[in-house]
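The following pair of complexes shares a single chain, chain A, combined with chain B in the former and chain C in the latter.
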Partner chain A sequence: MALFRTILLRLLTTTITLFGVAVIVFVVIRVVPGNPIAMMLPPGATDADIARLQALYGLDKSIPQQFVIWLTGVMHGDFGTSISLRQPVLDLVLGRLPATLELSIFALVIAVVIGGFMALTGTRLRGTRVEAGIDVANGMALSVPDFLWGLILILLFGVLVPIFHISGRISPSIDFPFMTNFYVFESVARGRFDIWADLLAHMFMPALALAIPLAAIIGQLLKQSLKETMHLDYVTLSRTKGYGENHVIVKEALPNAVLPTLTLIGVQFTFLIGGTVIIERLFSYEGLGNMAIDAVVNRDLPLIQGIVILFALIFTVVNLVVDMTYAALNPRLRHA
Partner chain B sequence: MTGFLSIRNLSVVLAGTPHRLLRSVSLDLPAGEVHGLVGESGAGKSMIGKAILGILPRAIEIAEGEILLDGQDLLQLPPAERRRLVGKTAALIPQDPLTALNPSRRIGPQITDRLVDILGWKRAQAEARAVELLAEVHIPDAPRVMRSYPHELSGGMRQRILIASAFAAEPKLIVADEPTTALDVTVQKQILRLIAEMQSRHGTAILFVTHDLGVVSKVCRSLSVLYGGKVVEETEVRAFFRGPKHAYSAALLAATPKYTDPDTSLTPVPAEVIAAVQAEVEAADGEWRHVR
Partner chain C sequence: MLDGRSAIKRRAGLRLWLSGGWLLLIVLAAILAPWISPQDPLAQDLFAARTPPFWEAGSEPGFWLGADSLGRDVLTRILYGARIALIVAFVAGTLTCAVGAALGLIAGYFRGWADRIVSRLVDIWMAFPPVLFAILLIAVLGTGLTSIIIAIVVIDWTRFCRVVRAEAMNQGQMDYVASAQVAGMSRLRTMWAEILPNVLPTIVALLSLEMGIAVIVEAILSFVNLSISTDSPTWGGMIAEGRTSIHQAWWVLVFPLLTLFLTVLSFSQFGEGLKDRFDPVLR
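Moving on, here comes the complex of A and B:
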């Protein structure tokens, strides 16, 4: 019953959040200068042509009226039609979503692996030069933004030692009848590891660029939290039982030290998803972020609206997942 | 070389400095004996237990001496071997039961882990042993408790569990580091009685670290009085309470509040006694440092 109430409450707050986002975006993109009609018509179009097109897209009505029309459509699962691509927004957005999700999750995995490794190594060798080296590396990784890491990686692994693909999601030569847009998952599920490898070779650099700053944050916070935990009584007690440093760090300290890091990963992961907008552009990766930039350039109002709503939805889902994982890992919250 | 534990001339310093926190401490603990380590805060009583168990803070180093456990000098052993020997033959009853159990692990594995991982028992065997032990420390419904997390249990329960866990591997030596200090008075008595009961059943030697002479009189057979990292008097408990030999011990005994007479005001250890014992410790081995 309590669980049911929690879920209901979550749904309610999520709906309110999404509604707020929708209102803000709807108003802002209509108030800022530049309009889609001007982008569509050739120079020398008459006022009558403009008025006709405006009426066609409903842009002649007031903003509140437009919003009501849009909202009514959304209620029926219709997010409108993209002005520049002339296809339903929902199809476009859902078509691109898997690419961005795969990229973000891959980046998250890389960040957790690198960050976790640095934190554990730094804790194991605390007080030595290795720990100092890790701190320096973390500081550097943090002070350079993800798109700059993208450029650095392109230079390193695309130009100097060209071992990864620098653009796109999949090699054009691969002609495989994918049934879903989750290429990475599908290629594994269908046993096509050659295609899977090609996908990863494309995803690796953009994912790494997104992952580096997050890895540094995870590494720093987790190491700090581990070092504090190492002084606690239960860790000391475990040492008296005959356990060595590695066991004590991984089995006693880590499960407790990971909790504060987890909350942070949730927050930072939403930033990472935001970062895909620029990174996808940089690597010509055909995801939502890349589509978002095109939509803004073309003043494709319905498409912008749809993408932003989807991003907002992803953020709330990520937060929900973090909260649930936190409760699952922390026995003190499990029965609360 | 008499008992299971034998400490010879143990000196401990603040790493990289000549400041000695323990000054040539020697101690023999016959098998099955309960020995009290008493002294004020900072006298170094906990330090002895930590040195034996190998859990001194990183900033503290052993400068000289021998710690013989079962005839083997711990300080000569490679770290991994030392840890295993300590894990097999010694155990700790910690001070604060609220922080000494891992909050994210269930109780059962926290009792059985040493038996399985260090002593090589089968899991089922270790679990059966844990159930037995929990019964010995008067915890009913052992299976349920073993599935619980620490936060679901009271402080007294958790201290009972830690005592059970300390006796699990039938160690020859237990270091009890102020095991009742963090508990409230009513629970203190029960826990003290429980430790005494478990001790006589298992015949374990216990090094009982405490600042409470009342506790010493109840559970210990012999005791050492420490001041400034030095043992100033080592004697039998009965002889001690009849009349301590050292002036500082006498003053410490006089300073113990009498529960029978709540109206007497607290007597501090007189300043001249402190000055004298400081001078004595200083004369014994050079420079004196205020450790408090």
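Moving on, here comes the complex of A and C:
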């Protein structure tokens, strides 16, 4: 019963958050100077033409009226029509979402692998120069955001030693009839590992740029928790039982040390997804973020709205999932 | 334990000196730009277009770090770019800190309704992708220095608010706060005179970090062509331009990027160093 109430309360606050985001975007983008309708018509258009189109997109009504119309549409799964691309916003946004999700998940995997490796190596070799080196590297990786890492990667692996792609999602020469927009998953499911490799080679640089700061955070926190756990009695006990150091760290200390890191990854993952906006732009990756920037440049109000709401939805869902996982893993919270 | 402490202190000291030294250099560059720059930052010289830096073949005297595709001197533009970067860092950083810390202090210490409203606002703000939010705000406010500063304050106040709120909550439960209350101090005065000084080291470290972030935000906005007019050189604008001619003239990207990298790194390391220095446990 208590659990049910907690979930209900969470859903309620999530709804309030999403509503708040919707209101803020709605009002903010409607005070944007520059008439989106005038921008899409040829220079010779008359005022009457502009007024007619404005009425078509509902932009002649007051902001509260527009909001009610928009919200009613959303309830029915209609997010309006993009002004610059003249397609339903929902189709456009859902078409781009898989690209951004694949990039974010790939980045998360890289971050966990690098961060985990750093933490385990640092713990295994604690007190040595290697640990000090890892601390310094973590500190640097943490201080510099993904945008700069992206530029540095472009310089290193796109220009100096051109071994990775620094632009696009897939080689233009590949002509493959994808049925979904989840290219990475689909290429694996349909056994086309050559295409899969091409996709990963394109994603690697932007994903690494997104992953570096998160890897540092994971490395730092996990190493800290491992260090604390290594002093506990049960770890000493397993050591006196004759288990080797590697076994003690990975099998005994790690399961108990991983929980704080797990919670942190959740929050940090939303930051990572937020970072895709500029990283996609930097690497000309055809995802949501790239589309969002174009939408702002073109003053495409319905599209901006749709994308921001979708981002907010992803963020809140990720947070919800993390909280649930944390509750499921932590016995003290499960019965609280 | 004692040895560990002195090792951390030594490392913190080195960190403070290195990062502080670089920041001082940037401040000097910004102040002295008109006197030490070899060229005019806006002067275009198409005969000098894409002149390489001085150690490469084909370099020209006066263009130490080379010239961009319009023949403008890269070193001069980096020196002048320090002005915008530092103005954004100090003004936006301080304002963001003031707004966020004030709200966090009130929410954390007074709790109740104040906390509920502030926390809900923070939740809503955290659901926005920050870069997209910044770009949106600039589209609304129009480009220019003031718009950038406002955008940074509006987006980043939550960073201070969250941390300061949590710290103020912890401090609020300490005995010294209770004794200040018993001694007849008003709630507002307690917050100002008792809680704030104890949260200050955290705020200072965050402020230094935020200054670095502000510089990055300006660079990102320049990169998507939404920063300041092209008349004033900015590091972000130079980077955006360098990215397009990366295969023909690497120096147009590398030098401003390196400057930005070291500056952002220094701001953050300087903050961490200050925090360690003033941490009562380490002291």
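Here are some notes:
By our rule, the second predicted complex is superposed on the first by the 305 of 336 C-alpha atoms of A that agree within 3 Å, B and C clash if a C-alpha of one lies under 4 Å from a C-alpha of the other, contacts with A are read in each partner's own complex, and residues count from 1 in each chain.
Heads up, the rule we're going with is that a residue touches a chain if its C-beta (ideal position, glycine included) is under 8 Å from a C-beta of that chain, and two chains touch if they have at least 3 such contacts.
All values derive from a computational prediction rather than experimental measurement.
Contact with neither chain B nor chain C is seen for A:64 once the two complexes are overlaid on the shared chain. Once the two complexes are laid over each other on the shared chain, residue contacts for A:242 go to chain B alone; chain C is not touched.
Touch criterion met: A:311 reaches chain C, while chain B stays clear of it. When the two complexes are overlaid, the chain among chain B and chain C that reaches more residues of chain A is C. In the superposition on chain A, contact of A:168 is made with neither chain B nor chain C.
Of the two partner chains, chain B is the only one touched by A:232; chain C is not. When the two structures are aligned on the shared chain, A:277 is found in touch with chain C, with no touch to chain B. Contact residues of chain A toward chain B in the complex are 127, 232-234, 236-244, 247, 252, 255-256, 329-332.
Every residue of chain B that touches chain A in the complex is listed here, in rising order: 53-55, 58, 80, 83-84, 86-88, 90-92, 94-96, 99-105, 113-114, 117-118, 149, 151, 162. Of all residues in chain A, those touching chain C in their complex are 13, 16-18, 20-21, 24-25, 28-29, 31-33, 139-140, 142-145, 147-148, 151-152, 154-155, 158-159, 270, 273-275, 277-278, 281-282, 289, 292-293, 296-297, 299, 304, 307-308, 311-312, 315-316.
Interface of chain C with chain A (complex): residues 120-121, 123-124, 126-132, 135-137, 139-140, 142, 209, 212-213, 216, 219-220, 223-224, 239, 243, 246-247, 250, 253-254, 257, 260-261, 264-265, 268-269, 272.
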